[in-house]
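Contents: one structure, followed by commentary.
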Amino acid sequence: MAILEIKDLVVGYGAFPVLHGIDFVVEEGEVCVLLGLNGAGKTTTVTTIAGLLRPTSGQVLFEGSPLGRKPPSSRVKSGISLSPEGRRVFPRMTVGQNLKLGAWSQRRSPALVKRQMKLVLDYFPRLAEREHQIAGTLSGGEQQMLAVARAMMSNPKLLIIDEASLGLSPTLARVVWEATARIASDGTTVLMVEQNAGALPFADRALVMEKGTLIRTAVGEDVKNLDVRAAYLGA
Amino acid sequence: MTMMITRKFQAVALAAAITLTVPACGQKSGVASQVVVGGVPGQVAADGSIVPGTTAADGSAVGVPGATGGVTGGTPTGGGSTTGGGSTTGGSKTTPSGTGGGGEAPPATAPRSGGGDTTGVTDTTIKVGIHAPVTGAAAIPQQSFEKAVGVYFDMVNKKGGINGRKVEVKFEDDQFRPDTARARCKKFAEQDKVFLIIGGAGADQIDACARYAASASVPYLSAGVHETRPGQAPLSSLSTYFALSLTYEQQTPLLARTYKASYNGQKVAVITADNDSLDNFHGKAVGAIKAAAGSNLAYERRIPKNTTSDAPGIAGEICRSGAKAVVWNASPSSLLNVAKVLTCKVGFIGPGLTNGLNIVAEVGCDNIANARFYSPFPGMDVMRRNAEFVNAYKASNGGSAPDDLGAAIYGVESLVGMILAATGKDLSRESFMATIGKVKQFNNGIYPPTNFSSRFGGTAMHLLRADCSKSEFVTEKVNVRP
Amino acid sequence: MSAPTSPSSEAPDATLDLPTVEEELWSAPEDAESERFRPSRAGWFARGALWAVLAWFVLAFPVNFLSPFTLGVSDVSAASEAAIFAIVGLSLNVLLGYAGQISLGHQAFVGIGAFTSAYVVVNLDLAFWFAVAVASTLGLVQAAVLGAISLRLTGLYFALVTLAFGSFAQQTIFAIPKLTGGEGGKEAPRPALFDSDYRYYFLCLAFLAVVLFLDWRLTRSKAGRALMALRENPRVASSYGINVKAYTLIAFAVSGLFAGLAGALMAHHDEVIVAQKFGFNLALLFVLMTVVGGLRSRSGVVIGSAFFALLGSGHLLELLEPLTTNVFRFSLHDFLTGTIGLPIEFVALVVGPILLLLTITKYPGGIGQQIAPIREWMLGHRFDIHAGKVKEVEVDDVRA
Amino acid sequence: MNLPLYEQLAIALTAGVLRGAVYALVALGIVLVFRGSGVFNFAQAEFGTTGLFAAYWALTVQGWSYPVSFAFGMAVAIALGLLTERLVIHPLRDSSRVTLLVGTAGVALAAIGLQFWLFNETLVMSMPKIHDGYFTTPWGAIVTMQELITLGVLAGGAALLALFFRSPSGLAIQAAQQERVASELVGISVRRVSMLTWGIAAALGGLAGILAGPYLTFSAGFLSFGAVGSLLPGFMAAVLAGMRSMPGAVAGGLLVGAIEQLSSLEVFAESIPGAGAMILFVFLLVVLLVRPQGIFVGRAVTA
């Protein structure tokens, strides 16, 4: 069953449409990578899914029901969590506090929060060592891990990661992707936005966007055969 | 003025009854125009409502000024022992013009109106301006004031006016600011063209307006305030100014006497606001108290005009000085602020015109219990028995009961009305002011009798005491002379 | 906005047919199209007629010349006060609108100007004109000193410094009886020639005209353009080599100059000037009238300031009263003082903040924006209802 | 009265610290709002005056009991805070900070205008004390119970606030200010957090107003620039706290109160009118020029 379904989504800033009607699905349990160059409309797509932007027309269905005009907070509650572009950790708080806030939607059961924190830190052992460090003083890679970890704290069904590899060394990017793959294998559906085709090996599904439209979709074995260069060139 | 209620705010705005000034405007505010058609024709003697105590203390019949022979006898009288009959008043030998009967003859030596300044006077009307603070730093409650203004003239107009002229009262709010007071008085003089101006309250406003009025040759009357201001000519030198009650300086012997009578041998403090207009008073008060108390004068101090955050410090110093009595001349809110934080028991004694004193008693009791203040008008315990006042007040205000502001304004209006009546038919500013100087005594039974041998015509004050069981100031003694 | 690199921009005629900075800001879409637009003969006539009405209203109406109404000395005195408030508004506009600094102690600048002028005339026995010059200069110096200090702080802290300065002036400086005449106030006589309120009104108008001209010159000078550039984009502007601090300091100095001048005029307008007048509320009222007038719009600020001066003194309601009673059969005065129990004195205090909040949240251009279409039309442009649209009441700290 | 200098000093410092408790309450609100919304809230003191007027009205006009009137005053203060957030702060959330400052000043002026309008007829306003008692210190300063209660409320309030800031809601307030988008994404309703911030700040203001009201008589603008003018001292305390530290705001408030009261020393009181305002002005300049980052900054990060 498709956990996420996008139907003819049109989104614009003011009078300028950025997405010109895109359709795709993400199946439960898979890792889906949304590829495209700068300005292709990837971030617009995922921030709309998270509820930060309102679509001009079209629909986002989560677990079969339309999300409509639900605010981000209730989308988190129902299981969609976004690790935003540029990380956006809370800079003057500790790693631990950042994570606690990630579980804001679960805050009524401290025990649950504690368990989730342990679970999440298992994916990112480097963060576990730095639980009391101020987030603003972490390195770029660590901040990215923290952003993903924080998003995981709400125990989401669908984890969306926007540009995890941006500004990271290839090695560090790999560490993040691998952690993501483990998260997915533990049952959380993952939607990754990437400019970097290096993420493709981890994907069960790949979508390629250009100028606000979806130009190519590949599933399963086809992902490995996807000619990225051709995809980027729109061939 | 002793009793200045201070709020720290300076209102942005100006006058209350402004619409009056627009000729095209049909609406008049309630306070202002008191022209009433009808009433008893003929002259009105300003009699009939003499408070018993006053008359007795004074010992003289009311000096009915002007040509008042044919007094209409219908004026209700309060207390029963007043001069009710027309003949009593009319025949009084203190009547300056001494003209019985017709009432048409002008005072013998008064200038003919033909030669005088008759601004604000027509054959049928006299225009009078009153200014007082109803908004601003030390406002008197607006409704209280609006109810009070014009009560007396309203009554007189119903009876046919003064020498056949109805008195039209214009009221302006001076916002408790001297600059505004001056501007309002300028408006009275130059735009509204009133005959004379009455200062309702506020020493510095009265000072500012009086100085302007002198420059514009407009008669200006108010209760007595300070006599001098540093760097300025004394008020006594102003050619058109008249104080209708004792000045602060003139009251210093009274304060010393009150101290001696109630607190003799006990320590005493003198506290005066640091308004420079009170410099002279402070010096004289300290001198008088020192003469009476000697080394028992334990503490003297000038305090900020708006005593707020300084109040605890001042209160602490009063208590440490061991004073049992405090001679106080500063704003009532300062008094309340200091009294509120006093940790010792003291008795306050003060001079002055005490507009709105009862409100202070209401708010400040028990902290100011038995405080004694001098006042140009008696307490409401006396004024409530003054049937003419009570009836006039109720008639003008839809039956509501009078307060002490009503009494204060009524007192000053009736005194002015009395002088106007005494001046006679030939009313000009010159004849009006000449009458003040010539008539030996005006006694309206509310203010103590006047005697204008100088600009300061007061001869006595009433002594009021804060009675906390009644939450108001009651009359302890009338007509106390220095 | 281009950086002021051309040295010729200081020359008076070099910029003659360019739109002023203000116009550029307010009416972006005009330019080429309206340069070509020439009103028809009827259009010129209509514009001329409106100008004539405006001139009549400002110059003739207050002094009962060619007027069906009769205004008294007190009314024309209120008009003088409106002109003085307009100068204060323009002063604050330089600070708030051009330099992006909020002053919560502007009443102190005005007050110090007022008492200085009174002191020079009364105690030093010098001429009124000299006193005005001294008051203005002192205002300039004060503002420059405070400005120099504030340049080391961020914008919000400057608000605190002015607030503290205002309370210091009010409680300490204005409590010196030698300077302020104590509670009873300080006399401030007018020069013999302008003793009449009618003449004094024209004197105030003349000073207002001078201030308007100086303000106009400022916005077209190198400093003014630099400040505008700073507002548009501080980083770009400073990368062009604009000396941010120097120009901000100039704005402070000019603002102080205007405030001192307004203070002097206020003193001699009131003839007795008291310290009580210069409280914190006046400072807030100044901010309010300038923002509601419309920052960076000279005409808007003048109208806004005059509006609040007349509203405060009750004369505006008085002027409107015949209209409301005769046309709408409704007495605004009775409604306010009777029905809802709001004394005329407090109308400005209650209505003003509401207008302020509406302005900054809904109509950031203030009155200046509302009248922009008419003003542009009167200046010979095509009537455009959208002229002068502003999105936000930009009062950023230019140094932020 | 010629007391020796050390006695004068002891009296001044006692009075200053007691008064400083009010400043500290106001400063806490200012710091809270600044941390939560990045706004210099010039309406902070007026939240207090408005609460005081409401409590006074309830007590003297309506004749309600003291606790009910107190609660009513607090409710009105909080309502004003929430209203400010809804009508001014939220619509202006993307505006510059100076614009927001003008907005809060507008709220203050509106509150003052309302107070003048509705209470113009009341000549002198005076609120009874919770407890009328007092005692005298060995050095002669008078300490009233009301002042002690205020000091106690300050201590309690500050402690509660410190606890609150460690709670999830407290963290959320700070998160919303540090990263608005990320806060939304973890499910924090920034709007609700902002309301919470302003509500608590207004409550602190309300406490300051209703507790300080009985010290003296009061009138419109009481807590801004009236009898207990706390706006400027409150801001100065907040500056000393680097606009961030809650314990710093408390320490700053007490210090500013003490410094201001130095003006009651005879050397100043006799020679300089309004010495308090001058001392505060000079002190503010020195602090801003020498240590603009504050003095009582503490661990600035999360309290």
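In order of appearance the chains are A, B, C and D, and numbering begins at 1 in each one.
Assume a residue touches a chain if its C-beta (ideal position, glycine included) is under 8 Å from a C-beta of that chain, and two chains touch if they have at least 3 such contacts.
Remember, predicted model here, so these are calculated numbers, not experimental data.
**Q** What is the set of chains touching both chain A and chain B?
**A** Common contact partners of chain A and chain B, which must touch each of the two, are D.
**Q** Between chain B and chain C, what's the gap in Å when you average each chain's C-alpha atoms?
**A** 42
**Q** List the centre-to-centre spacing of chain C and chain D in whole Å, with centres computed as mean CA coordinates.
**A** So the centre of chain C lies 33 Å away from the centre of chain D.
**Q** Which residues does chain D have that touch at least 2 chains other than itself?
**A** Within chain D, residues 112, 116, 120, 221, 225, 229, 273-274, 276 contact more than one other chain.
**Q** Which chain A residues touch at least two other chains?
**A** none
**Q** Touching at least two other chains at once: which residues of chain C meet that condition?
**A** Chain C, residues with two or more chain partners: 279, 281, 285, 343, 346, 349.
**Q** Please give all chain pairs that are in touch with each other.
**A** Listed by label, chains in contact pair as A-D, B-C, B-D, C-D.
**Q** What residues on chain C touch chain B, complex-wise?
**A** Listed in rising order, the residues of chain C that touch chain B are 69-70, 72-75, 77-78, 177, 181-185, 270-274, 276-279, 281-282, 285, 308, 311-315, 317-319, 321-322, 325-326, 331, 333-334, 337, 343-349.
**Q** Quick check on the complex: what are the chain D residues that touch chain A?
**A** The contact residues of chain D facing chain A are 168, 171-172, 174-175, 178-179, 181-189, 300-302.
**Q** Show me the residue ranges of chain C that touch chain D in the complex, using the header's touch definition.
**A** Within the complex, chain C contacts chain D at residues 96, 100-102, 104, 149, 152-153, 155-157, 159-161, 163-165, 167-168, 170-172, 175-176, 279-281, 284-285, 287-288, 291, 341-343, 346, 349-350, 352-354, 356-357, 360-361, 392-397, 400.
**Q** Give every residue of chain B touching chain D within the complex, in rising order.
**A** Contact set of chain B toward chain D: 5, 7-9, 11, 135, 139-144, 299, 304, 308-313, 315-317, 319-321, 332-333, 336-337, 340-341, 343, 356, 359-360, 363-364.
**Q** So in the complex, which bits of chain B are touching chain C?
**A** Residues 8-16, 18-19, 21-27, 29, 134-137, 142, 173, 175-179, 182-183, 186-187, 190-192, 204, 207-208, 229-232, 273, 275-277, 305.
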